[in-house]
Amino acid sequence: MGEVGIGLVGYGMMGKAHSYGYTVAPVMRALPHKPRLRAISGRDAGKVSRAADAYGFEEWTTDWRELVGRPDVDIVDICTPPGTHAEIAQAAAAAGKAVICEKPLALTYAQAAAARDAASKAGVLNAVGFNYRRLPAVSLMKRMVDEGAVGSLRLVRATWLSDEFVDPATPFDWRFDHAMGGTTIADLGSHLIDMATWMAGPIAEVAGQSETFVRRRSGRDVTVDDASAALVRFDSGARGVFEMARTAVRRPCDFTIEINGDKGTLVFDYARLNELRYGEGEDRAELYGMRRIRAEHETHPYAKSWWSVGQGVGYGSSFVNQLADLIERWPDGPWEPDFAEGAAVQAVCEAIERAAAEHRWVSVHEVAGSL
Amino acid sequence: MGEVGIGLVGYGMMGKAHSYGYTVAPVMRALPHKPRLRAISGRDAGKVSRAADAYGFEEWTTDWRELVGRPDVDIVDICTPPGTHAEIAQAAAAAGKAVICEKPLALTYAQAAAARDAASKAGVLNAVGFNYRRLPAVSLMKRMVDEGAVGSLRLVRATWLSDEFVDPATPFDWRFDHAMGGTTIADLGSHLIDMATWMAGPIAEVAGQSETFVRRRSGRDVTVDDASAALVRFDSGARGVFEMARTAVRRPCDFTIEINGDKGTLVFDYARLNELRYGEGEDRAELYGMRRIRAEHETHPYAKSWWSVGQGVGYGSSFVNQLADLIERWPDGPWEPDFAEGAAVQAVCEAIERAAAEHRWVSVHEVAGSL
Amino acid sequence: MGEVGIGLVGYGMMGKAHSYGYTVAPVMRALPHKPRLRAISGRDAGKVSRAADAYGFEEWTTDWRELVGRPDVDIVDICTPPGTHAEIAQAAAAAGKAVICEKPLALTYAQAAAARDAASKAGVLNAVGFNYRRLPAVSLMKRMVDEGAVGSLRLVRATWLSDEFVDPATPFDWRFDHAMGGTTIADLGSHLIDMATWMAGPIAEVAGQSETFVRRRSGRDVTVDDASAALVRFDSGARGVFEMARTAVRRPCDFTIEINGDKGTLVFDYARLNELRYGEGEDRAELYGMRRIRAEHETHPYAKSWWSVGQGVGYGSSFVNQLADLIERWPDGPWEPDFAEGAAVQAVCEAIERAAAEHRWVSVHEVAGSL
Amino acid sequence: MGEVGIGLVGYGMMGKAHSYGYTVAPVMRALPHKPRLRAISGRDAGKVSRAADAYGFEEWTTDWRELVGRPDVDIVDICTPPGTHAEIAQAAAAAGKAVICEKPLALTYAQAAAARDAASKAGVLNAVGFNYRRLPAVSLMKRMVDEGAVGSLRLVRATWLSDEFVDPATPFDWRFDHAMGGTTIADLGSHLIDMATWMAGPIAEVAGQSETFVRRRSGRDVTVDDASAALVRFDSGARGVFEMARTAVRRPCDFTIEINGDKGTLVFDYARLNELRYGEGEDRAELYGMRRIRAEHETHPYAKSWWSVGQGVGYGSSFVNQLADLIERWPDGPWEPDFAEGAAVQAVCEAIERAAAEHRWVSVHEVAGSL
């Protein structure tokens, strides 16, 4: 078994989650290559050196460009704040590295498209970290949709409710700065849009609204929204409603996604992440209601890598599954969601931002058409 | 104890529910007047005579105008299809009767405003049958909002998901005819709008989308939507998202309403109608999460009229509470929601319809301003 | 349509619930006789006269024997404290009246057997008020068990958890007096035993434990248990576990019953009284989990008398269904559960009491065999 | 940072879970020693060599005695079937190794006591793998009980329901052989007993029942029970009910534990493993009900090692927390649950087995008193 060298940019919570993923992946699944944690980079030498030690990286640096340039790094994994993603991704692709970039791929569609084009030109494996796709129950939901469990899709609704920004005393940091953290639409909504379009196809047009309830923090202007919502029309004619908010008291990161087709209903609620509810139109009438599927059965996606049904996996499993898949696909792919999909999600985010700002319906083509 | 004479127009499911309400009200609560079921009207003599017998009405007629004209009828209760509401309501008011009219008050704002004005001119007690306001848990939610349990309101979301229209083989009837049944927005959404504006105040403007997935039934064009959604801005600056659909497989009438304020979150889910979830921002951090309030405690609205906590009430309780309140307030009121509120709800429904049709944000004033 | 005269003994919560039932029954279902509320009795003249007025009884008396003797009373309905049940039931049967008696039928098996024998000798319709059998979801559970939905029964578990006796400051009243209120086993457990034996057949033997945590109230000795539990073996070889407690903080009357057979699992949870969960062994493996049946579908027991699926019934529905059934069956029956079944339940209660007191397994025959 | 050498005996599901734990522990928490996976043993050379590779062990052997004798192994971790535990544990202790042994520690109290005494005599750190104690929500439950959240304990109920043995076609293997796998009481019940006694103190006496519904498999007699239940009295006077079954269709491993004290109720349901429900007697009456605590708040046990609140951990977290704690405590301890606690649990298991077999209450002293 060969090795694949990993270089991780960023040591925060996402860096920890990815490190967990690389470490666990070979224990849970037989892989063609063994991930070797070559180097980690970050701006603060003390913190990055401690992270290297904790996460098991062999070396560390405060210069991400150095990391990207190392010959022993095969995959560059980008876990920095959103505003820095596109530049690092382009540099890594230019260096001929496979790249996995945390979501959102960028803060504007133009940046995202540039990253996409750079990866395409370099011909490298490229991935966006929409980890929830590889949460077992969400993967099962996708599989069931593809197999026709809900029939022809009609309605999609998805929400992400968090209390992250409720407290007006939370001091200003990069999350409140549009230029570094991006909008709530991009931060939370990008996951919803990714999952929704994965299952229901491209979005044609959107209406939107955004609000910032706490407008100043630490004496500075907050330049991102606390909460936004969108109405969407899919290319297929299905309709959707999305809501993403960081001002929902005592909701930590409660995301839900529901799809109604002409034959069935599927409901995922992240607070019950090992379950998937299924209303099957053709089920016997006297059993009217929904099934609560325990999404860990050995017939379910990823289940054989994990525990017995009923034991339950957590958030971390999404990273393990994602990175095990990535190592399996390295170096030739194919991979989804790639930068092209990440850019497409970003186009929807930007369309919602524009629709909210300009108080009108916006075609996604209007954003993405020119690039 | 005196009596109050009831005349009921319509013998369908709503007629049954109201009859249940009048019958049960005096058993559950000491009332100043005893409701006496004087007469019921309906177009089909056989059906209305059987309904009179079952529901306990003393007499029946096939002519609602006769019923409205009876001197022994004090309250006219309108339970017919929506397209007939406004005309009957106006006639009843003109006859000097107190009127309670099932929702929606009308199918257009103009009709609703005419009913409102007729009732106002006649000076009669007038009520719209938004029964869910008087479901104990919803009443408790309103009380808690008023008492500051969630602080300053920021976000409101409400959904009503039903499978009533899923099956393309369901034959055409008045529900599919815009002129008689009105839109899904008016049928289901009016409840959501009523509850939301009751708790969060008036709505200023809306965006909307509507779709009819099954466009023909029994060889006729369906002229109402299967599903719609709206983004709304309240006068207060709060934001809302509403969704109403009759094409959600294996969801019978699952309505939810959630409010997020700067101090708390309240969540009602009709499938768990004796509960109210409450996330209190100031609760001890180590108890992070939400309470599941059993909304039947003796300190809660309406609870003393019903069973011990934990036993549970059903749908019927909303009618009992509504009609017991109505009899208590008769003849002088005050009452809420009255026709003015019913018309205001109708203005929002119509604004959403217009926003969806015209693909733009619509001010509620644009609909209601001229009347 | 003829009438059937009702005489109600007792005006407390159960009297209210039964009055509600008689009043609502003819509104919800076409009945062969109209219940006419002839008379109500109670010891306190002021209270009983007010109850007569509220509940719609034509007359009242402070002497239950007078009520039992009235020629216009066809059914005597006993809603007094348990310690008085058997005597009244025997007198009513002797007077040739149909009798419905609230549970438990008596406080000892000997009393219960005497009531059973008196009713049998008199040849009158006799019924025990195990109302939960006629809650729609519980009726559905029984029907599914009978239809083989769980296959051959193996395990039954049932709990009833309440906080009624938690507070040591609750003053002494008849509920704490064994001679009047009976044990927690008889009060709460009798419901569980009735439902379990209805579905799973007779119980052969039991082990038990009982505890009184608050032993004195208002300066008097409490002579009933706060909490008890039992292990049981059914005649069929199935095994069961029952627990009944009135000392479970913030549990109001949370009862559950679960049956596991070799083909399936059924779970009822009273806090979700319109639902029934069903794990079907032969369901497709990839849908592993349980269905949450909305037990109000038109194919379900009692559903056609009530509201549309999803609207929800409450506690009161069990009384309406019970008393509508009773009036349909009057005067010739058959009826279940009758006094013989009530006595059989009492034998199990007494066996558990004896097993707990004597610290050994007790055969139900040991209690019931001699009578 | 030094290293601690790990030797793992057994490569099955438990071996995988422990390997996962050792691998993840240093990523999630700063540890005083780095676990180094020195050797793994198992009877099948092909399987154990593949496991060594997958789990990251440096060497493998088919002889557990060789593993136990290696000087570079500091901790012997026993993940074999129950019937082999005690012998290996004694040998490891005799070799001066710290030992962690999967539960149950043994199949008889005598074996368990021997292991306990051997560890005590050797003076080595000794641990039993009751991993659920270190699931965050269960740890939080224990902490809340200790802090008085429920007051004085009155009732404990715990169930473990699985469908592992439902299918009569499941062929005979060691799990059906009493001499190798032990009873369902020992396999599932030992967890319940451990958690219950951890929180509520020692158990004084028990009654029990056991049943084997499928008595032959693959032509061999099944010598273990499919399902058992017990009534228990704690030394403190609290009462408990336990049920453990492997014949509950479509229940995978649904364990629950509830404690009712005079001040509150705590409920844990493994199917919702990131939650803990809390009914607080002194909470405001108008909020009557229970809180659903999201047991991942930064103030909660183990939370700081994991993800943000709401993200959710899984089964694996219990092993990570357990083994991280073990490495922190190595080599001097203290540790709980140790072999003495494991033996005490085994005494209760054996008392229940005896009570069921002999159809009488059995004192735990009767089992444990002589050793």
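The first chain written gets the first letter, and so on, giving A, B, C and D; residue counts start at 1 in each chain.
One rule holds in what follows: a contact is a pair of C-beta atoms (placed from the backbone, for glycine too) under 8 Å apart; a residue touches a chain by one contact, two chains touch by 3 or more.
Just so it is clear, the model here is predicted, and its values are computed rather than measured.
Peer 1: Considering chain B as a copy of chain C, what rotation angle in degrees (nearest 5) results from a C-alpha superposition of the former onto the latter?
Peer 2: 180
Peer 1: Suppose chain centres are the mean of their C-alpha atoms. Which chain sits farthest from chain A?
Peer 2: C
Peer 1: For chain B and chain C, let me know how many angstrom lie between their CA-based centres, rounded off.
Peer 2: Computed value for the inter-centroid distance: 36 Å.
Peer 1: What is the distance in Å between the mean C-alpha positions of chain A and chain C?
Peer 2: 54
Peer 1: Centroid of chain A to centroid of chain B, CA atoms only: how many Å?
Peer 2: Averaging C-alpha atoms per chain gives centres 40 Å apart.
Peer 1: Can you list the residues of chain B that touch 2 or more other chains?
Peer 2: Correct list: 251-252, 283, 288-290, 294, 309.
Peer 1: Taking the touch rule as given, give the residues of chain D at its contact with chain A in the complex, in rising order.
Peer 2: My answer: residues 1, 13, 16-17, 19-20, 23-24, 26-28, 30, 53-56, 162, 251-254, 270-274, 294, 296, 306-317.
Peer 1: Along chain C, where are the residues that touch chain A in the complex?
Peer 2: Where chain C meets chain A, its residues are 275, 278, 283, 285-294, 297, 299-300, 309.
Peer 1: State the interface residues of chain C toward chain D in the complex, per the touch definition above.
Peer 2: Within the complex, chain C contacts chain D at residues 150, 154-155, 157, 159, 161, 166, 168, 207-209, 211, 213, 226-227, 229-231, 233, 237, 239, 241, 243, 245, 247-252, 260-265, 279-281, 283, 288-290, 359-361.
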